[in-house]
Every structure is written in structure tokens, then in C-alpha cells.
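Quick heads-up: structures coming right below.
Common to both upcoming complexes is subunit A, partnered first by subunit B, then by subunit C.
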Partner chain A sequence: MASIDVNGKQIEVDEEGYLSNLNDWEPAVAEVMAKAEDTELTDAHWDIINFLREYYEEYQIAPAVRVLTKAVGKRLGKDKGNSKYLYELFPYGPGKQACKYAGLPKPTGCV
Partner chain B sequence: MSVKKFMYINRKPPYGTVYALEALEVVLIGAAFDQDVSLAFIGDGVYELTKGQNTDAIGQKNFSPTYTALGDYDVKKLYVEKESLEERGLTLDDLQHLVWEDEDDDWAEKDSIHLVSRAEMADVLDDQDIILSF
Partner chain C sequence: MADYEIPETREFPIIPTIMEGAMAHSSPFVADEEFQTALGFPYPTGKEKGELIDGWKQKFLDLLQDKLTKYRSVQVFMDICVKCGACTDKCHYFIGTGDPKNMPVARQDLLRKVYRRYFTFAGKYFPKLVGAIDLTEDVIREMYSYYHQCSECRRCAVFCPFGIDTAEVTMAARDLLAHIGLGQKYDNQIIAKVHSIGNNLGLPGPALADTLEGLEEEVEEDINVKVRYPLDEKGAEILLVAPSADFFVEPHVDGLIGYGKVFHAAGVTWTLSSVASEAANFGLFIGDYANMRKISLRVRDAAKELGVKRIIFGECGHAWRVAYNHLNTLAGPWDFLDPNYPVPQHILEFTKDCLDRGILNIDKSENDHMTLTFHDSCNIARASRIGEFPGSQFVTPREVIKAVCNNYHDMVEETIFDQTFCCGGGGGLLTDDLMEIRIKGAQPRLEALKNVSKDYGVTHMAAICAICKSQFTKILPYYGMTMDQIVSVHQLVSNAIILEGQGEESEDSDDTEAA
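Moving on to the complex of A and B:
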């Protein structure tokens, strides 16, 4: 089983880099994952990451990109609720990359 | 691609077998394909929608909150069989209140659950192109 080093602590991840155990998440996990992919996390990134964590808390699923886009538009403003904005923040795919940083499983329906 | 009417029939209680969770996941995945999706809850399947589920004692994830996300996925038609509820001593009040937001009506919340009789359910099923039973 693979793991990542977060401030000296070994945290278990699956073969695609998603956390094996949701409860292992802390903000530093997102920082370490982002650094490994040469991404610097800005407030704009954190808005989406925090949004995903809240969505998961409420619905127990990671939303599909289409659903994420619509929900972000509604909660954070129309200028952010489009795939161009989300892909600029998360070029590897807002569903996959942002969910990973947020410590969630891969979105249902994401292949 | 033409739009087909997809019906997913839910017949099992939420826990004890994997049918209920698998059906829900298939619905969420299938929702990406812009088809006309309906769900039916018949027999013990009505338990899937009950409020206040608590899975602590069986060590499984309580996935019932996920049904409330169906509206976000444009799944707006959940048909619940009236007789199945009654036979189990349940009423609509025992089920989660599931809604979808109508974009064309200033995001008004509308009920997703439709209570239908056994005879009406037969008509609903008769009207489908594709039926998947879980």
C-alpha cells in the first residue's frame, strides 16, 4: 500500500493517490498532494476544496463535475460556476484533482 | 442520441445486500447521459427512503443522505408504491423529503417523491423503454 509523507506522518493512499481513510485528512494533506503535482493552492483552490468537503459531509458522495459546476455557481457565484474556471484551477480535472486534495474518494461515475 | 425512458426499480431494504447502494450508484452514473430517469420503490425497497437511518451497529456507511443529492443530478421522479408503504405501517412522513430545484421557476423546490397506487405503478412501468430491477 502506498503512502504519502505529511509533516513526518505516513498517510495511506490508494494506487491513484486518493486517501484510503477519509478521516486522515487535514489541510496539510492537500498541500502535500498539490506540491507533488506542482500546483500551488490559492484561496480560490481552497474555496472548491472546502466546498467539496461540505458537499461530501452532507450527501456522502463526491459530486460529478456537472453537478459540482452547477452547485459552485449557485453557492460561490456564477463567474465560478463554469468548467473553464474550474479547469484553470484544477487542470487534471476538477472532479478528480480537487476531490483528491479534499481527501474524498474518486467521484462516482468518474472513470 | 435519442432520449430513452429509464426506470430503476428498487425492491430491497437498504442494508443486508448490496442491491440498494448499487442501484443508487448506477443511477448517479447514468444521470450523466441525459436520459429520462425514474425510480420506483416497491416492497422492502420503500425502506431505502426512510428518515433517520442509523448504521452504527452494523459498521456500514449510512448512504441515505445521498438520495437527497438526486435532485442535483436531475433525477426528479421517484415513484413510491402506496400499498408497499401501508403494508409496512409506513406513511409518506416516514420518508425523507426529497426535492429538486426548478431552474425555469426561480429555483423553486419541487417534490421528487410521487406516491402511486399499485395499479398506477403498473401504468408507470408500462410507459418505460428500459427497466432495470435491483
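Moving on to the complex of A and C:
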């Protein structure tokens, strides 16, 4: 099994870099993962990551794209409530990249 | 975007120079123990993931024997290929990679060579003379690689003078591999989620309800008409079985919004189901009948539980192939449904019928900012109809698009209808670990798209398959196009349809606000 080094602690991840155990997540995990992909996490990124984690807590799944854009639109203003804004933050796809940083499993299926 | 060598797109297609072993390194992740077990496949307990189970060789040969007996087609396809070469340059993965093992004849020969060695007289006694080889672990690894470079799209089968369905060979091979410990992670993980939760995404009922509620609000905000997206409503007339991607991503969700508007305008009652919240059936991709049946039976359970009279499938390619061809044998009989309607129906048949009867109010100019073309999805094009007559699977989608759009132009003839090119991500390959083959395999389709864009100003391509839509969303940017150039057919319907009360929106809302 692969692992990542978070402040000296080895945390297990799967072949694609997603956490093997969701309970291993802490903010530093997101920082380490983002750094490995040359992404600097700003407050805007954290807004999304935190929302993903809250939603997952309630529904055991990442939010659908329209649920996410709507929530972002409500919190940050209508001009940001669209997938273009999310792709600017997470160019590999908000579903996959943001879920990874948030410690959620990778969305599967025809997506 | 990761760094891949992107194939060139040209004015005319050119058969590539052969590049021996160009894709030999491509191999998807192997399924974990929990996903092998959930599907009834063995796992090499006590060994590393990806190793083979004890006694794998005998198991493989026994199962091959079983397939040859059970499926006459597999036996015939093993025997009758004469190596005429008609299929060699027809596969999008060969065209995009130049790897000769991606010529359909060569890919299928990986299994045929083993078949010959153990099941034919000549191969048993004179293996070298007939190109028969021993089954070794290297042979197995090669199969695992190249049988996951076939999207089971069956374009090669169109050109085979003997009608060999090479997709069926791929399915048989994948099933044999899964039974010796080499299941594919992406496919098996998804099927396990359907068995336990009800859909490919693993979207539980409450999340689905929340998502649909959000869509109702969104549509109402947009057009000021209350359009319903009901879930688990007993007594509804129609059960809609949509691919779960329709709930989750763009542009699929815009298609789902469109289905709801058409049902609303037609005045029928309908419902989605949290039990059968998936149209897709990946059991087909992995060639495993038991899993395919188990997935199909969820549709039956939901239809009975909800007491519906009709079943309609949403925009999902292979789902329609399974439903159209096999729903009756997998999950029938359907004698409890209304015999006045076919079981199942495609959403496009429903919409086309509403358009023909003139009950939809359409403003085509709403789509005037686009010039459309249509991508025939392989499983629909080469395995089904959408309508009554042969070829209706090509006609119906185009007629619906033309009924809601003013600007339409087809791609070049050799790349549409029954000769359509796969999107590059079908057949269970829509996973990031196969990104390179997905990009390269999309080359023929995107070459045709670029040319029709250049010559006729096409701006958008419409599709009726969740896999095609997701694949193009990811792949178009690699070819210098944008992700939003792929649209759902019912997204176009949704744009153009004017629902009752929609025209009065501004006055109404002003009044409400004033009040």
C-alpha cells in the first residue's frame, strides 16, 4: 500500500492517492496532497473542501455538481455558483480533485 | 491535465504506421478483495493484489471449456476467423495508437492462440504450425492489458465478412480473467455499489432525494414553472430508469431536467426509484451473466413495488442495449405492465411521440447559439432500435434534435450510423488509470468532429450515453476543444420546450413581488 507523509506521520492511500481510511483526514492531509500537485490551497479552496466534508458527513456521498454549485452560489455569490468557477479552483475536476483533498472516496460510475 | 502524446487530427483519416508494443504498458488497476468477493469472484487470499489464484491455469481452461459449451457463439468465433484483415484498421484504439495488438483480429487471437493449443487437434499436436501457444502467466498479463483496450463497441464486427462479434470475445476473456483473480477495479467496484446501494455512484436514497429537490428549485427559479422530479412515488404511471450520472454531473443533469419537462408537458405521472436508481449495467462489460441479471432484477423489483404501468430508460448507451435486447430474459416476464406499450421504452421514443402529436410547445430559436452534430453511441447504433423500424436508432435522435434546433449537420458518413466510432471510453474503460488509451482512442471521433466544425461551423456535439458524455467532457480539452461542447439530447429539448405558464413568468413574478 502506498502512503503519504503528513508531518512525519505515514497515512495510507490507494493507487490513485485517495485516503484508504477516511478517518485519517486532517487539514494537513489536504495541504500535503495539494502540494504534491502544485496547487496552493487558498480560502476559496477551503470553502469547497469544508462543504464537501459537511455534505459527506450527512449523506455518505459527495454532492452532485448542481448541489455543489448551488451551495457555493448561496455562500459566495451567484457569480461563483457555476462549474466554471469550480474548475478554475480544481482544474482536474472538482469531483475528483476536491474530493481527494477532502479525504472523500473517489466518485465512481459514468462520471 | 497530465502529459500525454495527443494524436494528430487530419483532414482525411490515415491508417497509422505500425508501432509494435506501443500500448503494452497500459493496464487497469486490479480489483480489491472486497470487490472480487461482492461479485462472486475469487481472490488470491494471502497473496498480493494482482497475483493469480492457486490452480489458475486449470480454472481458466475449465471455464473456457464451459463457455465454449454454453455459448455457441464463442465456439464459432474461436474457429471461423480466416485472418482476412478486414477488421485491422477499423478499431479506434488501433487508429489512435498504431499498436498492432489493437487490431481486432490480433487482440482476439490472444485468446484464440490458447484455445487452439488446448481445444483443437492441430494445436494439441502441432502447436507451432497453427500459432497455438501455452497458457502462461505472461499470456494472462497480456490479455489483461489488451482486453482492457477494447471498448466492446463492435465497429470491427460491422466489417467482418463472417460477422464475428469480437466484443463477445473480449467479454468472455474478461470473465475468465476475473475468475482467476484479475477483476478490473473500476468495473467491479461499480457493480458492487449497484448491488449494495442501487447505483454506480453509490448515491444513497436520501442524497438522491436532496439532489432532486434541488433540481426542482433550480427549474422553478429558471422558468417559474413547478416541474416535478419525483422519487419513489407509488402509483405513478411511468418508472424512469436513468443512468446515475444524470443526477450527478454536467451535461447529463441537463438531460434529466429535459426528461422532467417533457413528462410535465405530456401530463403523465412518473417517478424515479431509489432501488433502481441506475440504468447502466456493467455486468455486460465484464461478461458476467449472473451479475448482469442481478442488476436487471432491481428494475423489476422497483416496478413491482411502485406499481407502475410502463418503464422508460433515460439516455444511457449500453443500458439501452441490455434493456432492449435482454430485459425480458433477464428480469421478465413483464405481464404486470400495461401491454399497450413496449417494455421497455426509450425516452427518445416518448419525446418523439409527443413531438409528432404536437403536444410540445417548441421554440427552436432557443438553440440558435449552437450548430449541432450527433454522436451515435456504439451500443445503441449497433445493437438496438429506438423506434419500430430497422435504422430507427439513427433516425429518431436526429429527428428529435432537428425538431428542437435550427442548425444541424452530420459528421462524415464513414463515422456515423452503424460505422460510428466509439467515444474511446466505453465498455468499462472510463477510468483515470486508462486515460492514455481513452485519449488516443478518441482520435477518430474527434477528427471527424473537428472537420465538421471547420467545414460546417458545428459548435456542439449531442449524445445519448452517459459514458460518451463524461468521456468527451474529459477528452475534448486534450484536443483543443472545450468540455461544454458535448451536450445531452434532452438538454436541447429542455432549452427549446416552452411549458404552460412559462411565457407569463415576468408578469407573474412582478405581480408576486409587488404583492
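In this section, the second predicted complex is superposed on the first by the 104 of 111 C-alpha atoms of A that agree within 3 Å, B and C clash if a C-alpha of one lies under 4 Å from a C-alpha of the other, contacts with A are read in each partner's own complex, and residues count from 1 in each chain.
Methods note: a residue touches a chain if its C-beta (ideal position, glycine included) is under 8 Å from a C-beta of that chain, and two chains touch if they have at least 3 such contacts.
As the structure is a prediction and not an experimental result, all values here were calculated from the model.
Trainee: Taking the superposition on A as described, I'd like to know which of subunit B and subunit C A:15 touches: first, second, both or neither.
Mentor: In the superposition, A:15 touches subunit C alone.
Trainee: After superposition on the shared chain, which partner residues are touched by A:83: those of subunit B (first), subunit C (second), both, or neither?
Mentor: A:83 contacts subunit C only, not subunit B.
Trainee: On subunit A, which partner touches more residues: subunit B or subunit C?
Mentor: C
Trainee: May I ask you to decide whether A:66 touches subunit B, subunit C, both, or neither, giving the answer as first, second, both or neither?
Mentor: Both partners, subunit B and subunit C.
Trainee: Quick one: is A:96 in contact with subunit B, with subunit C, with both, or with neither? Answer first, second, both or neither.
Mentor: After superposition on chain A, A:96 lies in contact with subunit C alone.
Trainee: For subunit A, give the residues common to its interface with subunit B and its interface with subunit C.
Mentor: The answer is residues 59-61, 63-64, 66-67, 70, 108-109 of subunit A.
Trainee: Can you list the subunit B residues touching subunit A in their complex?
Mentor: Touching subunit A: residues 25, 28-29, 31-32, 61-63, 65-66, 68-69, 72-73, 107 of subunit B.
Trainee: Touching residues of subunit A toward subunit B in the complex: what are they?
Mentor: 58-61, 63-64, 66-67, 70-71, 74, 108-109
Trainee: Looking at the complex, which residues from subunit C come into contact with subunit A?
Mentor: Residues in contact with subunit A: 1, 29, 185-186, 189-190, 193, 199-204, 206-207, 210-211, 214-215, 217-218, 243-245, 247-250, 253, 280, 316, 430, 432-433, 466-467, 469-470, 474.
Trainee: Quick check: in the complex, which residue numbers of subunit A touch subunit C?
Mentor: 15-16, 59-61, 63-67, 70, 83, 91-93, 95-96, 107-111
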